[in-house]
Amino acid sequence: MPSQSLAELREQVLLANLALVKSGLVTLSWGNASGVDRVAGVMVIKPSGVPYDRLRSEDLVVVSIEDGRVVAGDLRPSSDTPTHLRLYRAFPEIGGVVHTHSRWATSWAQAGRSIPPFGTTHADHFHGAVPVTRPLLRDEVEGSYEAETGEVILETITSLGLGPVEMPGILVASHGPFTWGHDAPDAAANAVALEAVAAMASETIRLNPTAKPVPDYLIDRHYLRKHGPSAYYGQKDH
Amino acid sequence: MPSQSLAELREQVLLANLALVKSGLVTLSWGNASGVDRVAGVMVIKPSGVPYDRLRSEDLVVVSIEDGRVVAGDLRPSSDTPTHLRLYRAFPEIGGVVHTHSRWATSWAQAGRSIPPFGTTHADHFHGAVPVTRPLLRDEVEGSYEAETGEVILETITSLGLGPVEMPGILVASHGPFTWGHDAPDAAANAVALEAVAAMASETIRLNPTAKPVPDYLIDRHYLRKHGPSAYYGQKDH
Amino acid sequence: MPSQSLAELREQVLLANLALVKSGLVTLSWGNASGVDRVAGVMVIKPSGVPYDRLRSEDLVVVSIEDGRVVAGDLRPSSDTPTHLRLYRAFPEIGGVVHTHSRWATSWAQAGRSIPPFGTTHADHFHGAVPVTRPLLRDEVEGSYEAETGEVILETITSLGLGPVEMPGILVASHGPFTWGHDAPDAAANAVALEAVAAMASETIRLNPTAKPVPDYLIDRHYLRKHGPSAYYGQKDH
Amino acid sequence: MPSQSLAELREQVLLANLALVKSGLVTLSWGNASGVDRVAGVMVIKPSGVPYDRLRSEDLVVVSIEDGRVVAGDLRPSSDTPTHLRLYRAFPEIGGVVHTHSRWATSWAQAGRSIPPFGTTHADHFHGAVPVTRPLLRDEVEGSYEAETGEVILETITSLGLGPVEMPGILVASHGPFTWGHDAPDAAANAVALEAVAAMASETIRLNPTAKPVPDYLIDRHYLRKHGPSAYYGQKDH
């Protein structure tokens, strides 16, 4: 990734936020996208509770990754800021994080179920079942709730032996999906993919209650043709 | 809330009505939003059966809250006017009321079920299950039907020990949702939230027929971070 | 209804056809709307298989109600023309007919189930369950299929003791919905209402498999407040 | 079909690709449409992984049908190119192929179920149940995967005794739908029809778990009124 000015990062994060709206993942002002500048050590994130149709790049808030202080911006950052920060600190490979309350992925999160890989659409983006976290404990909810949400995400990904590139998303139990990627637009694309995968998994088990996940060799083939060293999906410079 | 001219109130109520359409909650001309001027003692409401795409602020009807007489406007007010009036009289805290026949909330109303709080999306707007009223009795239906609809709403909210701020909406059995808020746009936002919550609750119980409501401490946390004295969601001046 | 020129009728039928598209009831070129001029004894109907986005009022086809011959127009009328004609001949009260393959109503038709009146949305438009026809017999399908479709609609409405004003629509088994009204836009509005009612009835029985139809007094109240002699829904000149 | 320049074919294939987006069948960059010039022996296909909103006709890739080499174009052709080629080689009657991951058809594919003909909407486009392939074997997935996908499609169509005109589509198990037609727009229309048919079949079996396919005489009537020698659906020059 070439070096990028803070203005460019703001613009990119703004577009990622608006892509969520355009893709139908957003109701009211629910949801947020962020992106990082690793060199400057900052994250750019949507302000809290601002309507998307009035959002401008200068409204975005710049937050220090190390200590979470607001570095620039007049508005409060998203209330989910501590969750985003936990992810950036733990996963140096990622450059963007997205959180939504999109209908289908949130329903799986509310049902407390991970999403099985029922087809190639899933395998193209997620290398195995998209996991759901355990419920947060009372102490976690009543304490630093949003930071604890980040911790339970990390705990889940780690305990499953997964990395953030092979599994670029998760369902937080009783809450909703978080996704990430190499930058904010990539994290937004993963949120869109997760919502489509969630909707189709719901319908799949309705049509076939004993549907089985696809075999590992099909997951590997689809994942690797897009993400592996000899990837042949997409254009070479992508 | 600063003092507002009647023209400003008309404009605000018009926008709230149109927001229902834009959010996909309206089929044909079903649904209506109103707002009040407590000082003047009047409610501004959508006229009955007028297509939304021709609705202008001067078509809105001004009705006395005390006695329900039309104070200004050439058109008949919404047939649901007596229901709105009952709510404004009983709940001095509210400044806007919305009624729709939105697909998911209406289906729960037709099924005669209250909507359990399955996640944080719900808890962000409704402090507990969104209740459904009892069915109206024959006498109520054949009498002052729309006023009785208001009475059964009040009876339900009161008997559950709820207040209109913690529970800004309800399902009228076999009919559909009513929501309210501090003004008409807030009532419309609650209608949008209720529809999303209803859709996700449906899918949640399909994915997990034994899904349990989230614990009270999670409901409290989400409700209070938005509405409590130390709210930290949204901007300070909101 | 004041006298109307043929050009005005063409324009009205065109708008009714386009309203079906705008309301999301149309896939590809499936569906058609017609309207009549009772004095001239003609029906104006959509041509067969013409894409909606190229449809102009001069493409509409004028057909004699008495004998079904094309009176004006260079294109073939909709293949469903004989069904429309049967309805106009049997129901002098109606001035418009609509047929669609809209998703939810067609699913009920394919399931061979009539739609129970589960709420006031239904009662506002249909005075009782929306019936489904019996399946057409082999001879009917292999004979004058589209005319026989009209006959089975009439047989069903008549055998239930219903009139075309109280029941402005029906589901043809294994096929899809037909609706009618006092003119083409009214028939289109009933098609929109039927689709919404069908979708909500599906969800209602999923949420409550033992859901019961609403009592007759609620159906009567809603139907009569819109359609009865002392109707108070909508504006007086409507 | 009159002779067509390569520029015209590019334009037609571009429009077919964009029609998939407009019809709501496409998420992100999933899906592709192609068309052929049988005289020149080439196929024009969407490039791999290029966003639809930036797609121009000059981005389309021209590929030799005989040996699959890129004849013109700077970008990589769709990764599904070998599947398209297998279909063109086996079915000389077809001039267009479409692949999508559309929600409802993909869910049936993931469930491993063929779609029964529950109504006339289905029969208007598909002359019998839309089949699902067997799952690909490990060797097929790890070998020339996309070519093997084409082979399993051909194996399924052939083993059922079907031809590509009577059955212009199929579901690849655990993957999604492929459709074809006399040109790229026709293949796209069949993809739209398949998605609608899949959605309604899902709802039909939910409303009536014992729903039966329609009888053959109804399938024949609808199929033949559109596609038979005495077709009377649509305009004569279509």
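Should a chain be cited, it is by its letter among A, B, C and D, assigned in written order, with residues numbered from 1 in that chain.
One rule holds in what follows: a contact is a pair of C-beta atoms (placed from the backbone, for glycine too) under 8 Å apart; a residue touches a chain by one contact, two chains touch by 3 or more.
Just so you know, these numbers come straight off a predicted model, no measurement behind them.
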Third chains touching both chain B and chain A: none
Shortest contact path, chain A to chain C, counted in steps: 2
Cα superposition of chain C on its sequence copy chain D - rotation in ° rounded to nearest 5: 90
Remotest chain, chain C as reference, centres from CA atoms: A
Type of chain A:chain D copy interface by residue overlap (half), same or different: different
Between chain B and chain C, centroid-to-centroid distance (C-alpha), Å: 32
Mean-CA-position distance for chain D and chain B (Å): 46
Set of chain A residues in contact with two or more other chains: 206
Chain contact topology (line, ring, star, complete or other): ring
Touching residues (chain side chain A, partner chain B) in the complex: 27-28, 30, 47-50, 75-76, 79, 101, 103-104, 106-113, 136, 138, 141-142, 145, 174-176, 202, 205-206
Complex interface listing, chain C residues touching chain B: 118-121, 124, 189, 192-193, 196, 199-201, 203-204, 206-208, 211, 214-215, 217-218, 221, 225, 232-236, 238
